[in-house]
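Chain lettering (A, B, C and D) follows the sequence in which the chains are written, and residue indices restart at 1 in each chain.
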Amino acid sequence: MDEALQIITNIIHDLPGGKEMGLLNFIIKRLLLMILVLFGVLCIVFVIANVIPADPIGALLGGNAPPEVVDQYKHKLGLDKPLAQRFVDYIAGVLRWDLGVSLRTNNPVTEDIRKFFPATLELAIMATLISVSLGIWLGTASAVNRNKGVDHFARIFSILGVSMPVFWTGLLLLLIFYYKLGWLPGPGRLDIFIFPPKTVTGLILIDSIIEGNWTAFWNGLQHLIMPAFVLGYGGTASIARITRASMLDCLRQDYVRTAKAKGLNKRLVIKRHALRNALIPTVTIIGLTFGSLLEGAVLTETVFSWPGLGRYITNGYLVLDYPAIMGGTLYIALIYSIANLIVDILYAFLDPRMRV
Amino acid sequence: MKQDTLSMKWKNFIESRKPLIDDWKHTAYLWRKSKLTMIGSFVVLFFIIIAIFAPYIAPYDPIAQDLSQRLQPPSSKHLFGTDQFGRDIFSRVIYGSRIAIWIIILVSIISGGIGTLIGVFAGYFGGIVDEVLMRITDMFLAFPSLVLAMAFAAAMGPSLTNTIIAISLVYWTVYARLARAEALRIKNTEYIEAERAMGASNFRIIFLHVLPMCISPVLVQLTLRMGTIILTAAGLGFLGLGAQPPTPEWGAMVSDGRNYLVDQWWISTFPGIAIAIVVLGFNLLGDGIRDMLDPRLRR
Amino acid sequence: MEKLLSVRNLRTIFHTYRGVVKALNGVSFDVYKKDFLGVVGETGCGKSVTSLSIMRLIEDPGEIVDGSVVFEGRDLLKLSEEEMQKVRAKEISMIFQEPKMALNPVLKVGYQIAEAVSTAEDLPIKSKEVQEKVYEILKAVGLPDPESMVEKYPHELSGGMAQRIMIAMGLVTKPKLLIADEPTSALDVTIQAQILHLIKELVSEMGTSAMIITHNLGVVAEYCERVVIMYAGNVAEIGNVKTIFKEPLHPYTKGLIKAVPVIGTKGKLQTIRGIVPDLVNPPSGCRFHPRCDHALDICSKELPPIKEVEPGHFVACHLYD
Amino acid sequence: MKKLLFLMVVVLLLVALVNPVMAKSRVPKDTLVIAANTGILISLDPAVVYEVLGAVIVNGLYDKLVDYGVENGTLVPQPELAEKWEISSDGKVFTFYLRKGVKFASGNPVTADDVVFSFKRHAFIESPSVWLLHELGIDKTNVEEKVKKIDDYTVQISNDKGLAPNIFLGILTNSFGSIVDKKVALQHEKNGDFGKDWLTDHSAGAGPYVLASWERNSRVVMRANPNYWGEKPKLKTIIFLDVPESTNQRLLVEKGDADVAWNLEAQHFIEIQGNPDIQAVMLPGQANEYLAMNCSWGPLKDPKVRLAIKYAIDYDEIINDIMQGLALKVQGFIPKGYFGYVPDNPFSQNIEKAKQLLTEAGYPDGFEVELLTNDSDTRKNEAVKVQADLAKVGIKANIVIMKASQMYSKYRKQGHQIIIAGWGIDYADPDALAKPFADYKAHQLAWRNVWYDDYAAELAEKAAFELDSKKRAEIYKELTHYWFENGPFAMFYQTVSYWAVRKEVKGWEDAFYGYSMRVDWTKLYK
């Protein structure tokens, strides 16, 4: 998650005819690519899910159930059909946006995703806000004061984010800020006795604003702080590193010298001139970090009892609930690709040189 | 020039190597100048030394149980205290460094190797080969790596080697991209054209010329990512898919100790700190190397 | 003529892995009001470093270690950063060699010029007066249709147009001194003449002094009134252009002028023997002595002081002790 | 500014780590909040539910014909919706007389039709718990004629196996024995599923509580049932809050945001006892933990080797150090508090005897074996302990940890060598243990460990049909002693169920005695 990824994004741009073909063709080409990639992801997931030597039904029925019942159940769910047949059925299903029925919650996986994804999305957005603001602030500070105290502190602080296991920091924060200090509420999305807002988008903060239910809003926000920080802090390092590198690069450019020659003070030079240029490559990294947040959520959600997609998939692993694992993973890959596409388009807008 | 004395030959040797030595001097200067890189390299060096001399440093056997010494806080006898089996955490952390090194080296070789090869072939041959290989890379890139690692670990059964394979099968994408970019850049340089003109086979060109050029960017990336490899292994440990007990793998130690965090904080904290320091070391070293190799920052 | 800027014994060094580069080794010269001064010398002689030192734009690993830069009675080297920023905003402006690089790629050119005005006169960038001034200066530098020009981005302009924008940006604040660091080197010859002509015309209209840094003697001969010849971090000779070109005193100046090929003459090209010295351990005394045909033994021992051989004509060479 | 910020953070952290935590409960008096890992719940339909936590909740939502009561420490079937019942002389036909005037939560009266419907839907849905119905000799082909309505308030259930009454009634106390409101279920039936889909997260029973809502991975909310026929529940709302991490459960209870921590790790349970606000409740569990050896694999074929392993293990250290005393030393397969319980515990660590047995069997310097278990913390700790003990006699055990799902599927295919697992008891009768541990014909644990021992199987079967309880106890005693010597099982302990319950909550021990067999939510109050 660092400068190498920036190289990736530049490579994505050198797709044949990137600039001349115009933004629309660029988007169409990227969409086609995305579909191909998602198809690939689907195959990987299907192969893994069905190659695993254990059988899900045994897991579902628990240790005590005798073998005959297990086979009966398996037949009922059509798990004894040949692999190729099951693959074709699954692909047909995906096209109709029907990812099968989860063995555990036994309602359609798509409905589960609709119920669980907003929690992960809300966590990922807050985490991205934190990692972006923290990352850019630290990256700029360390670039401007290269090799001075601030640079060292900023880099160590941001790298620590990527150095500490998420579940450990999560529990530590809970221990200090909830258990000992009592400043922040405990795990979960909302206190039990707060009347939750009617689900419109599924994001508590937005739903509570729509409903004007301010108590739920504040409580939800407080609940979000720690998990979002734990998740976001991990992404800070890569954003800080990219910002620092591109900022160092920009500070050496001639136009920064012109800005100084115009008598602008240091803060203005950085804000108006250096930062604006330095942020362009950083934007693409935000897309990639957002993607990795969806994934980091798997650990954070367990520690903070967050009813998100990450936990849905991990619980799926506990009982080898194939449809849930496959559907969930595919969905995360879809969001990951869309996030990247949006960011690349944003990249084109931000940088006038790309605008055609 | 009949009687070339030794000193003459030595002088020529130095003379012909002048630019290289000059370059190394500049690198040493930059290395000294950026304190963090120094810290990073010392941490990594320290980590490697501990791993090599673990048996001599560790006071106790990391797996030996002594239930009478259960859950002792850090003391002079047990520097980092003991865990729920009375095993000395200090010795387990020391031996843990061996496992961490083992994971890092293996994952770096496998993922670095696969990634670079795929990248170089894609970059060098271009056309269909490039398109296909890169789309495969995109697939793995779009795939949430922890979930993929979980899937592989679950498929092949939880064990240390499976964790290593799982992580490397997820980590190679970055190196593929890097190697491809490098290969593209080198492919159209004159001296490769010259090679081809002299009738060198593609494979000779790739392995003798293109591949060596990709080493430095890939190397930088490897150092940067070595830290995160340990973290992914820790994540797998937390989900119960990593190293099997009683192996003293840091990630599993942190995750096993998490239930004791409230009163026996040291069981989880010391391996956690070990992970943090080593990851920090690799990251700082990686950053340092990248700054040194990056022409723009070299002045 | 009345002095605007007087630089005395300016010394600037750079810390590098090979050691300390003594870029400026005690540079002294004056710029008069309404002057059109050329500063000329081979690459690496420190002419750009001098201009950056005057503007105090030298940054780590560079460092100004000695000397004074007196501008209208105040030594710029002693000013606080805030005061220096005001000087840069109102009093002294600077133009650079690569116009397209010196303009911020993501901001409209109109905005970048307006920013100069607003900083100098403490007016909001979007205000009417600032907009007026921008249109006015754009017309002055001869750019067509200012309304659409302000909306353009740097990458949409040609080299010449970009340099005109830079000139506009420099002169819109009506500075007392304009420093142009190799303004035309990056442009093709036809555009060069137009740009220099434009600078000369505007500067004389505004009564602004100009200091043109160049390595092209032809530019000096054509446009400048006075010239400073620099060699390896020192001033070799100062004087008005006609006398310097007719009878140069300093051996280096002679060599420079002889090296300029004149159309119509045949014969071998003249060069100055030797190479530019390494400034980490420069030759002792006068830094030109290893390449000087008339070098005396004192030349290699002491740095020749600068002397006014005749009114307005200075030279730093032991031949004239 | 930066230095000030840094200083403030450091001071805060110091203050945080120092001050002790005392907190009053923040849960209203008429509500109970239980912090539990609800991730394992699959369905709350009585005919489908199979996990312990699910059964406990269903116990609060539905009443059954008959349920367990407690008589001087042992669980005995007692009347609930059936006022009384008669058993035919050959023990094959049971006639139940329903209580009159009892209404479902929906207000519909509870009649024989509802009873017949409840059994029929369980037979047809064929969920994981259907094998218990098959134990009664009832399946979808004969359920109509085996469960007959005599009149509105009388139902006759016949079972041709002539099982001992204690077993028959014991099986009926399972969740599937819950009586479902026929009208409400059929109202929500979707393409002939007997209302199974709707009942996954809705309730239609006559129990003390009604299921208000179940947000997956978030919370299960139960509200008091206004027209409950029995003792009115004192708590208006019970909430199962999903808290997967044991540490968090403990923090929530100590902070007063939750009343009960449901599945605490042993270590947390020990430490929490130091908190004056908390009462540590311990009750005998309805499950046991054992090590089993695959009699068809390598050295384990030889009973001497199996016995050596049983003598190599230090059972006391497992109970005292790994479970910190939270386990009952029971080495027979019949748990304490059950009819036919045999109190002898013949095994304790005896390294010489184990080595001597090994040399006799021809393995003087031991052998290598795979030790399989799943990834719960307790099981991992037990595996590491056994590995160390076996090493003392030269046996090198390689631990393999798997997801519970994968482990059971390997175990079911007799694919293991040595395995550490547990057995949850389905009905409070020794037969529920004798069949799996001794009778290989039942295709359960004995069969999985390839212990095809006809003598043991015969004894287990005889006991199941013995109507005279004194003789029945005799048979179980003989079987237990035979099992000690020859069985491929080393019984570690009988589990102990424990919860951290805030002082404000009263009556927890009465409500949960015989937990997972029986729960009486109405006993709880604040």
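In this text, a residue touches a chain if its C-beta (ideal position, glycine included) is under 8 Å from a C-beta of that chain, and two chains touch if they have at least 3 such contacts.
Just so it is clear, the structure is predicted and the values come from calculations on it, not from any experiment.
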item	value
Chains in simultaneous contact with chain A and chain C	B
Common touching chains of chain B and chain A	C, D
Chain pair with more C-beta contacts, B-D versus B-C	B-D
Cα-centroid distance, chain B relative to chain C, in whole angstrom	51
Chain centre separation (chain B, chain D; CA means) in Å	47
Rounded Å distance between chain A and chain D, as computed from the means of their C-alpha atoms	39
Intercentroid distance (Cα basis), chain D paired with chain C, Å	90
Interface hub residues of chain D, defined as touching at least two other chains	245, 247, 251, 402-403, 406
Touching two or more other chains - residue numbers and ranges from chain C	none
Per-residue multi-chain contacts in chain B, two or more chains	154, 157, 258, 261-262
Overall pattern in which the protein chains touch one another (line/ring/star/complete/other)	other
Chains grouped in pairs wherever the two touch, ordered by label	A-B, A-C, A-D, B-C, B-D
List of chain D residues in touch with chain B within their complex	245-247, 250-251, 265, 267-268, 271, 317, 321-322, 375, 377, 380-381, 383-385, 387-388, 399-403, 406
Residues of chain C defined as touching chain B within the complex	17
Contact set on chain A toward chain B in their complex	1-5, 7-8, 10-11, 33, 36-38, 40-41, 44-45, 48-49, 51-53, 147, 151-152, 155-156, 159-160, 162-168, 171-172, 175, 179, 237, 241, 248-249, 252, 291-292, 294-296, 298-299, 302, 313-314, 317, 320, 325, 328-329, 332-333, 336-337, 340
Partner chain D, residues of chain A touching it in the complex	52-56, 58-67, 69-70, 72-73, 104-107, 112, 115-116, 150, 171, 174-182, 186-189, 191-193, 302-303, 305, 307, 311-312, 315, 317-320
In the complex with chain A, residue positions of chain C that touch it	55, 57, 81-82, 85-90, 93-94, 96, 98, 101-107, 115-116, 119-120, 153, 155, 166, 169
